[in-house]
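These notes open a run of structures that come right after.
One chain, chain A, appears in both complexes that follow, with chain B as partner in the first and chain C in the second.
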Partner chain A sequence: MPYRRENYTNREDMKEEETREMPEEIDHEKSRDIVVPGEILAKGKEILPGEGTRREGEEIVSSRFGLLDKTDRLVKVIPLSGAYIPRAGNTVIGQIVDVNFNGWNIDVLSSYQAFLPVMECFGYINKKDLTEVYDFNEILVVKIRAVKPRSIELTMKEKGLKKLEGGMLIKVNSARVPRIIGKAGSMVKTIKDETNCNIIVGQNGLVWIKGERVEDEIIAKKAIEIISEKPFEVGLTEKVKEFLEKNKKK
Partner chain B sequence: MEISTVMKKRIEEIISKEKRIDDRELIESRELEIEIGISSKAEGSAQVKLGDTEVLAGIKLDLVEPFRDSPDAGVLTVNAELSPLASDRFESGPPGVKTIELARLIDRGLRNSECIDFKKLCVKKGEKVWSLAVDIYPINDAGNLIDASAIASIAALSVAVFPEVKEDKVQYGELTNKKIPFTNLPITVTVYKVDGKFIIDPTTEEEDASVARVTFTFTYPNEDLHSMQKVGDELSEDELIEMEEIALKEGKRLNTKITGLLKKA
Partner chain C sequence: MTKEKEFKRADGRALDETREIKAKVGIIKNADGSAMFSFGKSKAIAAVYGPRVLHPQHLQNPEKGILRCHYDMTPFSVSERKRPGPNRRSSEISFVTGKALEPVLQIQNYPNTVVDCYILIVEADASTRCAGINAASLALANAGLPMNELVAAVSIGKTGDSFVVDLSKEEEDFTIMKDGEEIKAATDIPISMLSRSEKISLIQLDGKIKASELKEAIALAKKSCREIIKIQKKALKEVKDN
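Moving on to the complex of A and B:
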């Protein structure tokens, strides 16, 4: 039975997920091999299979398409493409697709629909009409509380989780999210400062942008598209800065 | 996933300012690319890229018995398949409303424009005629599937050739040099109405935000209108006339563009 990380939720895991929100900056000086699913990455019991890999007997095999990251004891694959895999502790943006008697069904771009129960929301909620609180096709910033084999449970009981009003929503590949955020949020901060927009990046690849003017939002959207199209280019931060400077003068 | 309330509002706001979300003009289509002969099994095939929208079309020929009411005319069938590969909104299974509508729209454009000479597809009156099957497979749906599919099918038809026939049987895989009787390109243009303004070649989001759309098929240089299909809210007479003018003008540009691309390919 392969080790399935997505079904694994305990405190330690949550802690690790929080650090995952600060994504690793890709070192451009070091060239990395591109691997495909099924490729044998390492041999030996002493090496641990990390994210995007699995153990098959003695061998560690890639289960995703991406860049190989190999250290002495750990092998992992930084994905270049693919669908979003939900993890407990991730902050995502979701859209209401159904309203039930005790909560909302939310699309978070994963293979299963997520569920936000009334219990997990703040304040008084009139249970007779839940659409008064969150209506169809509205978008929310939510946190994934737990990932179960056939369902995803969400929560709103945390700071910064809210319904998003106004602005625009764009979709990028979830594998590009670490690049959009940048080291300790540097990339997204650059875009925020230059365009005067408020930006929320969900781990699932949905990005919400709201500025004072629609034109600012479009510039921010384009900057994010540049990052998501060429995430592994050398000197990307400079390129984005240059693009923003050029558009600022207009 | 359907369009979110905030995004719909933003798109309406941007279009009401006569701008587009991807920096285009209201009446400006995305870049068009046509690749011909991509399938070795089909008698004619084409792949069309309209921005991020990608459509594959193939033509298969077969010898069949004609319909009783038209013993000397060939048969045309247009079939579309919206596979889940193209968009997360498509489900596998029996064809839905969207699939049937797409195939019917292309079919009507081809049939009513009389660009195919069905009489020339007759081999022996009342016994054997050629049947043309146009198959449309969208690879990626990023909006404006109707126009992209129409371009793909006319591109495939314009390069389709008859297969070899031996003893009344079609020898598949062996092609002749004889082209099928397809002459005038029927050009399909769909005009969308968003927030009181008219746009062409929408992205998926703009399609979602639109309240009505009208599909026109023209042939050039006579500028004949062959088919028209309206979906959505009611339109006034002036609006419909304006939409037709937009489509006619855009179709003219598209006609020259497609003819040029087909000559090059």
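Moving on to the complex of A and C:
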């Protein structure tokens, strides 16, 4: 029997993981302006153009549709919508679409096909039959090691990366993922604690939920849908808590 | 023909007045970005998908991402049923729409990928390619793609001696009688303009016009494109409310 990786992980590993996959901290409880491409955001040479912006002479101009994030020296635009753009270091959820002689092709819902080589997996793997390790249509949590012009390279050599079994998988817009995770993982932690579910949020917008009962999973799913549908609401954490409290009593 | 200010067009509009414009963003749930734009009865919807893997592979460009536009009309959009599927006219419009939108789209950082933009005309009453470009511009912005600025388009017409903005079907088919023959007397000039630099990304001409008059037409187009850009910006900013 080849060594199966999923036996190795436990619940404690996963809890640690979500807080780690956080992108830079964004304070979502603050109301922000929506900007459109070509809009002048700031004036002055001392201000730096951040992500989604560019400098044109004295002015900082928006290059993307999104929310304006302005600090003393830096101006950037946070995306609101759109397809997932892969970045090195992102933890994503994907499905195996092809098994090669030296690895697996994985669909991570992005612009390029992702590849997980055998080299990037833990333990001994019998190369004669890779389907014994990960078979077609199986769902994995993987980390993006590098993004190349024609492919995405994945790795499993990290804590918390594993095959997902059971539970349910839902799709949300990848721009809403930071909101679902919340500040330092606070939002997803609230849902996990209240519903007693295991939740893994992939940066590509796929969310895996597994609880002891299907009812718990459905409540967690609804809570996530509330967050992804109302990204602008101020005080969303309270609203989600209220929703979870209400459903818990039933 | 008169050039007085009181002159009104067949539908009661002033010469430099567009039809009622409606714009809405985020109408198609499954698309990465979508929008609706209408000039009176001319209504276009646009859906944007991508950047995504481009197949067949030989079309891939390893230097930059590419934009593919697909313009089509629904069979019920015109008074006589349009045969579904692409035809000579729609493939030409797809091509020029792509060229009109390309200067603003910054997808060179996504090599080997494609951004697909599907424009569908739900109801046609002239100036559909302009409505299509406006809808596509909104949908591309809504898809969160890096863009330098927005694009607005409007058609300028010459019916008889006077220039009019945003032709309707009636005005497009304007004819005069000459030597007992009916001659098409309307000129249709679709013009698209970028929002910030005010450069022209598309200009087509169907009909006859003097070189000196074309400048007048462009000035008129720029003026109404500025109005359209205001409406586009408003539509994008309204996302918060719905």
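Here is the rule we use: the second predicted complex is superposed on the first by the 202 of 250 C-alpha atoms of A that agree within 3 Å, B and C clash if a C-alpha of one lies under 4 Å from a C-alpha of the other, contacts with A are read in each partner's own complex, and residues count from 1 in each chain.
Quick note on the criterion: contacts are C-beta pairs under 8 Å (C-beta built on N, C-alpha and C of every residue); 3 or more make two chains touch, one makes a residue touch a chain.
These numbers were taken from a predicted model, which means no experiment stands behind them.
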Room on chain A for both chain B and chain C (clash or fit): clash
Partner chain(s) touched by A:L116 [first = chain B, second = chain C, both, neither]: neither
Which of chain B and chain C A:N137 touches, first, second, both or neither: first
Contacts of A:F232 with chain B and chain C, given as first, second, both or neither: second
Which superposed partner A:V97 touches (first chain B, second chain C, both, neither): first
Contacts of A:I218 with chain B and chain C, given as first, second, both or neither: first
First, second, both or neither for A:V36, with chain B first and chain C second: second
Touching partner for A:M156 - first (chain B), second (chain C), both, neither: neither
Which superposed partner A:G66 touches (first chain B, second chain C, both, neither): second
Residue contacts on chain A - larger count, chain B or chain C: C
Listed stretches 23-31, 59-67, 113-121 or 221-229 of chain B, narrowed to the one that overlaps chain C: 59-67
On chain A, the residue positions that both chain B and chain C contact, one per complex: none
For the chain B and chain A complex, residues of the former touching the latter: 1-10, 13-14, 17, 21, 23
Contact set on chain C toward chain A in their complex: 26, 32-33, 49-53, 62, 104, 106, 110-113, 141-150, 194-196, 232-233, 236-237, 239-240
Contact set on chain A toward chain C in their complex: 34, 36-39, 52, 54, 61, 63-66, 79-83, 85, 111-113, 149-150, 175, 232
Residues of chain A defined as touching chain B within the complex: 95, 97, 107, 109, 135, 137-139, 164-169, 208, 214, 217-218, 221
